[in-house]
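Chain naming follows the written order as A, B, C, D and E, and within any one chain the residues start at number 1.
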Amino acid sequence: MARGKETPLLRLDELHIELPTRQGMRAVLEGVSLSVGRGEIVGIVGESGCGKSITAQAVMGLLPAGARIAGGAIDYAGAELTRLSPEAMRRLRGREIAMVFQDPMTSLNPVFTVGEQLMEGPRLHLAMSRKDAYNHSIGMLEKVGLARAEQLMREYPHRLSGGMRQRVMIAMALACRPKLLIADEPTTALDVTVQAQILELLRDLNRTEGTSVLLISHDLGVISEMCSRVSVMYAGQVAETAPAAELFRSPAHPYTAGLLRSIPSPDKRNEALYAIPGRVPPPEERSGGCPFAARCDRAVAACSGVRPASRLIADRHEVRCLLAEEGRPFVREYQLA
Amino acid sequence: MSISSLEPLVAIDRLTKRYPAAAGFGKPKAWVNAVNGVSFNIRSGETLGLVGESGCGKSTTGQLLARLMEPTSGSIRFRGRELTTLRGREIREMRKHIQLIFQDPYASLNPRHTIGSILEEPLRVHRSGSLAERRQQARDMLETVGLDRSYASRYPHELSGGQRQRIGIARALMLRPSFVVADEPVSALDVSVQSQILNLLKELQRHFALTTLFVSHDLNVVQYMSDRVAVMYLGTLVELAPAEALFRGAVHPYTRALLSAIPSVRDGERRERIVLRGEVPSPLHPPAGCPFHTRCPQAAAECALVLPDWKPVGLDHYARCLLI
Amino acid sequence: ACGSGGPAKTPATGAEAAKEPIQGGSVVVAVPQDPDYLDPHLAVASGTQEMMFNVFEGLLKPNEKGELQPAVAQEYKVSPDGLTYTFTLRDGVKFHNGKTVAAEDVKFSYERLMGKETGKPLSSAFANVEAVDTPDAKTVTVKLKKNDVSFMSNFTAAILPKGYDNQNKAPIGTGPFKFVEFQPNQKLVIEKNKDYYVKGVPYLDKVEFRIMPDAEASLLALKSGDIDMYPRIGNERIAELGDQFRYVEGMQNMVQLMTMNIARKPFDDPRVRQAINYAVDTDEIIKVVADGKGTKLGSNMSPVMQKYFQEGLESTYNVNVDKAKSLLAEAGLKDGFSTTISVPSNYKFHVDTAQVIAQQLAKVGITAKIEMVEWAVWLDRIYKGRDYDMTIIGLTGKLDPHEVLVRYASDYKSNFYNYNNPEYDKLIKAAQVELDDAKRAQLYKDAQKLLTKDAVAVYIMDPNFTVAMKKELDGYKLYPIYVQDMSTIHRVK
Amino acid sequence: MTYAWRRAFTLVLTVLLVLMMTFAVFRIIPGNPALTILGMEADEAQVAALEAKLGTDRPLGEQFASWLGGVVSGDLGESLKFSRPVGELILDRLPVTASLAVLSMAITIVIAVPLGIAAAKSQRRASGWWISLLSQLGLAVPSFWLGILLVLLFALTFHWFPAGGYVRWSESPLEALRSLFLPALAVAIPQVAVVVRYLRTTMLEQLKQDYVRTGYSKGLKEQAVLYKHVLKNALIPVVTVMGMIFADVLGGSLVVEQVFALPGLGRLLVSSIGARDFPLVQGMILFTAVTVIAINFAVDMLYRVLDPRIRLK
Amino acid sequence: MTRNRNVHLLVGGALIGAMLALMLVSWLYVPYDVNSMNPAGRFLAPGAKHLLGTDNFGRDILSRVMTASRTAFQVGFLTVLIGAAGGLLVGAAAGYVGGWLDEALMRLMDAMMAFPGLLLALMLVAVFQPNLTNTIVAIGLMAVPGFARIVRSGFVQYKEMDFVKAARGIGAGPLSIVFRHIFPNILSPFIVAATMSFSGAILAEAGLSYLGLGIQPPDPSWGRMLNEAQSYIAKAPWYTLAPGLMITMTVLGFNLLGDGLRDWNDPKR
């Protein structure tokens, strides 16, 4: 795995993004910082609506219409993506940075053949002829472990199973050998056995091609098995970033700890599951303080007054919590395994 | 929760459901074999987990049990009474006792009705109580599922997923049923919300003495919720066992692969991963013989020929595989 | 092409003779409907005659004054008893297929009309023909069974070549134009008959009758130059066209009337009918509906028929509301009554008239509801079935006064007014056999007076008829019958 | 019974049903074809002779039965009014009506597709609102007004097109096109409104789909995503609407035919109803019904081409 | 996000509101008696005495246009009522029950669609009278298939939805499912269809008047006025303008209103 010293491939720095709503612009990302090193697999976890997908979309330059980058920077291999022209950004997409989406059922255009859709990227970015693109695509399909590639090229997406479609999506994303692959919940719609196949494939590609992966999921299990580093997001902020093993062993943020505790397990069969009380505050209810303060069983008065800054509490372990340093002991109480 | 009685509350026998799938012009219809001769019992007071891959027929089984669709063949007995032959009024009468909680908390609530009216409707339909009583009961039920009474006047789209699922559960319980089919009640929800709902369900099961068919594809959840677990593959049951026995020692290769594939945050729990090859066959053209043989890492030649019979492999533990 | 072709030198009026006719060219004429039959012996619709007048000719042919002139015949004689007509054929008259007309063709044609072979006459008038003989190739004699002075006009019936039986698809006649083609709902085309026996006519090489039922479409087409001639243009539209076009206007020998069903109460009472006549202000109708372009009538005869027209009747029932009211009161209808005016919906002219009349009747306490009926229904229910209270229609004029006035005879099949007056029947019968022209005319005038006295209907007007055409066209002749004579039309320099 | 047979069977029943309805109506409404053909000037003998010749003196049921018998053997009978075979009359008019339908459909597509896309793209901007207002206006203006306006403008003022009349394709294709262009435009303008409205909705629906995002994430240009990926999907439901419109126009568009003096099927139908020309009316209704069915079938087929999801193996 | 939609509702509402106001006023006050003619004052251009001028009979166009708005709305509302009620009945039965009933009803609808409306109108007029009621019934009947199709496709689509299943699951009867659960959800396309057929009805009445089948003169109707005015386009252009603009504005108003209502009725907006 890459060491943290060299410049990362992708670095988000205090990214602020606002989206239009009926009540006007509303902040959805409020200072997201994270990085992906070359050849690294970095995970983002967090519950629904915390801004994972928006983060990914920001990197791709595909924010919803009307979105505004209110601050911060996205640095990709030395280029500042937020300042790139739309045309330059377009040329980057698919070529340098590619993306796999959550739902393989709907992410493919139902009315074009798999081949047609696969060939678009290489023809556009690598200026391949139809024939070259065709052969190239067949190669990609084989690489993602799909047999009968030739036949598959002529199939329409609805004829494929979810797992096959997701592999087609991955083949499509990898077609131009991007340096960074963003996978936004790539297995959420799939079954465990198929999920295992897909994750295996991603890991394999990372190993053999050296592609960096930014893996987004709300499944802690998936993240823990795949990633070397993990960022936990909560309400538009990164609450905690740490190497995976450390994060799952000794979470420093109360939210991370709460998430880990609420996973059902057989040994808790006869007791109630832990559930983080309350709910995520919607943006309009977020006050100046820590957004988790209201749900946090350790919150002190200061928590609802000051928005905590991110601090480094150990090697490559950053936490956004006022109690972080002194909190380390209490987190141990919930240590797992 | 312990199994309170061995008396089956629900008994289904060789239940089959085929959906027509129109083929091209001039060709006869093709059939999707969604549920293929499934038989099992649910004992009074127990929770039976039903797991399996997407599209293997779990929801179909659940909806057949709740009599939301007509089975192609087979029988369903509830407290000894055959349900498949009921008609019209009788079915509606029966619905008081059997209720379904839907997988999708978004789609199962009519977007144009208020929460209050959604909850009161079952009572209204069965003409139970006065208007005021119904309102009262609906509001009480809101509290029972952990929501404020004021939610009665809201519309579904104003609620979060977790809240909507609570409404779905509340609606199912309005008629005080004795048997509930919970069709993936948490798979659309977030981790932290999921645990709230699971807790609620457990609590309500106890409170209302419910017998439950708990459908899910998340093994962690099934394991947590169920007394016994049935594993389904391509419309067929392949293994049936008490939850603990299944997670300790699954016998069927599919169950084993399934269990091994669960990603876990706990290093210690990770098993030797059995990564399957190939794709799930289409239910339009299910393979002959054992439905799993096309992906089974251990498949033998004869697996492609015969569908194996049930074999007892432990106390209350059965599997359907030639290789055991 | 521009409507005002060439430098407009002089206004249309008065300068016609000064302009020199040009031979050749083609003209497009708008007509409102399809022909019923191309075969002239089957055709009865006036719309057909309008076009086919140019293709077929009889032994006699009407001129623009409505007088019968020899055509295929050179001359004729009537026996003193009025039963035998002897015709001498004109030399060198050729059918469009090149064959010269012979006496046997005339015999063939008349026998076809008599239905000699089939037993069913094609025209009931010819049932009166005893025999047709051909003493020689140039002479034809027609013998009638009984005396009928009005039979004369039947000699305009088309003469067809013997043995040719495809008249309905590809008609062949002797007229100034030959038939070229007919496309239903679209057009009927005729071309110049180079062998026509009148030298110098026709001028035009080709005439296309374009079938345009929509007045608006015709008008637009005239404006844009797509058609050259628009007969029977609505008078109110002339203002719109301005002086870019040439107009020919005149009476069209039509009687617009409102009939009252005499078989029905209260119209059986002549006082009621008179009251209605007093109530209706025809001058106002002419002004409002016809834009003043109409001739007020008092009986069922248009002044075009100079010889037979009884003058002065039009002022018999000058508007008099009080008189009308008192007549109604006499008839026991002091408080008026309610009735329905049925009008064919396809004739805006009549519908408009009905609206004005309804207003006028309201003044004397009669509530008239207007009911528009489809033309087919009008013919079937009202005209044939006589099931109506009042209706408004225009009776097209004929060359012969008998044909005009016989409509009121009690035994006439289409006497849809249900008029029954023995005195009137006697007058008509007498006129039919009266060989003395002056006496005959007087009988018809008496008949007209009787109609007015009995207030059989409300006689309204003979609406003027206007033809609009491009200024470069000239030579239009206005007939008292429903025809477009294209033979004299020509372009001018 | 297989699907195709069952469908064919119900279609025949449908057509039969329409014909029976027509028959029933003809029994009820007054009017006599012979009388209508001959008008007021005809005498009894002529009417009777004509009735005998046309066969309309027989009971209507008998006429219907013999007509139906003829249809089975491929003979649509003879028009009472024009004394020409019904099939021939319809075929005569068909080129006009069909050209009008095809041309107006082409105009509709050329105008409506870009407009629909523009309306969807500028959904939240004022321009989107103007597009929808303008196209709605096209639908709201009475069609005779529309026709007259077009004639006044393009025929009388600019002299670009003739005011009316029809030139056969065989006579001069260019003139035929010129004579049909204005009427086609008059037919097309209200259709544009309908199609724009549908297309806008389906485009908006499709723009929300995930595959759009996929397209962009590959680095495709906006044009490629909109016109290739989205449009093909968005057109699928629009095809049904266009099919319905097309069938409608093929039935004849009376007002436009009247304003432009075109010998189309709409005028033929009205004049044949007016003349109580039973065989012709029945023939035209049969034609319309079959056309509607054929177009539905074609739409089905087109659906299969456009939407592979329907193409089950 | 909702700005444009409100504009639809607003503009549509304003147009229809103005028309309705005109209609309401017509009961209380019209400048002149609608049918009284004035041969001396034909084709008067719009002016102080006659705001919209006079027609070929010298009748006041404003009064006639105002009075005609009653018929227009009457025709519109009643035909929509007939079409919508019939379509709802047929479509719901076909879509909800399915099977052979569906097939039979939909084929009947197909047959009605292929059947010329003119013939139907002629028949009604022949059997009864050429009056307003029959015109309305004829136009209304011809609108039934359109509604039936929309309702049916909505029912087929919603019949299998979870919330409908849920309603069945609690024992709700078919009527309750049809009217409480499914129908409110297909209200949007239904509203659009209703407004479209409202405008369609006004235009159809005009078309039937053209053939002499609609409202009988001298009662004013926009369609009839438009037809009559055609003859005087050059002489009295204001004559055609008045009813033409009325029709255009009403139809446009209803279409916009329909679009606006659809968006407004969308619970997610």
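The rule is short, and it goes like this: contacts are C-beta pairs under 8 Å (C-beta built on N, C-alpha and C of every residue); 3 or more make two chains touch, one makes a residue touch a chain.
From a predicted model like this one, the values you see are computed outputs, not experimental measurements.
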Any chain that touches subunit E and subunit C: D
Between the pairs A-D and C-D, the one where more C-beta pairs touch: C-D
Distance from subunit D to subunit B - Cα centre to Cα centre, in angstrom: 52
Intercentroid distance (Cα basis), subunit D paired with subunit C, Å: 39
Averaged-CA centre spacing for the pair subunit E and subunit D, given as whole angstrom: 22
Sites on subunit D at which at least two other chains make contact: 29-30, 144, 148, 311
Contacts with 2+ other chains: residues of subunit E: 1, 122, 126, 211, 230, 233
For the subunit E and subunit C complex, residues of the former touching the latter: 35-37, 39, 42, 56-58, 122, 125-126, 129-130, 211-213, 216-218, 228, 230-235
Of subunit E, residues touching subunit D in the complex: 1, 3-4, 7-8, 11, 103, 107-108, 110-111, 113-116, 118-120, 122-123, 126-127, 199, 203, 206-207, 210-211, 226, 230, 233, 240, 244, 247-249, 251-252, 255-256, 259
Subunit D contact footprint on subunit C (complex, rising order): 34, 36-37, 42, 44-46, 120-124, 127, 168, 183-186, 210-214, 216-218, 220-221, 223-224, 226, 374-377, 379-381, 383-385, 393, 395-396, 413-414
Complex contacts: residues of subunit C adjacent to subunit E: 215-216, 234, 236-237, 239-241, 284, 287-288, 345-346, 348, 351-352, 354-356, 358-359, 369-374, 377
List of subunit D residues in touch with subunit C within their complex: 29-32, 35-46, 48-50, 81-84, 89, 92-93, 144, 148, 151-152, 155-156, 159, 162-166, 258-261, 263, 267-268, 271, 274-276
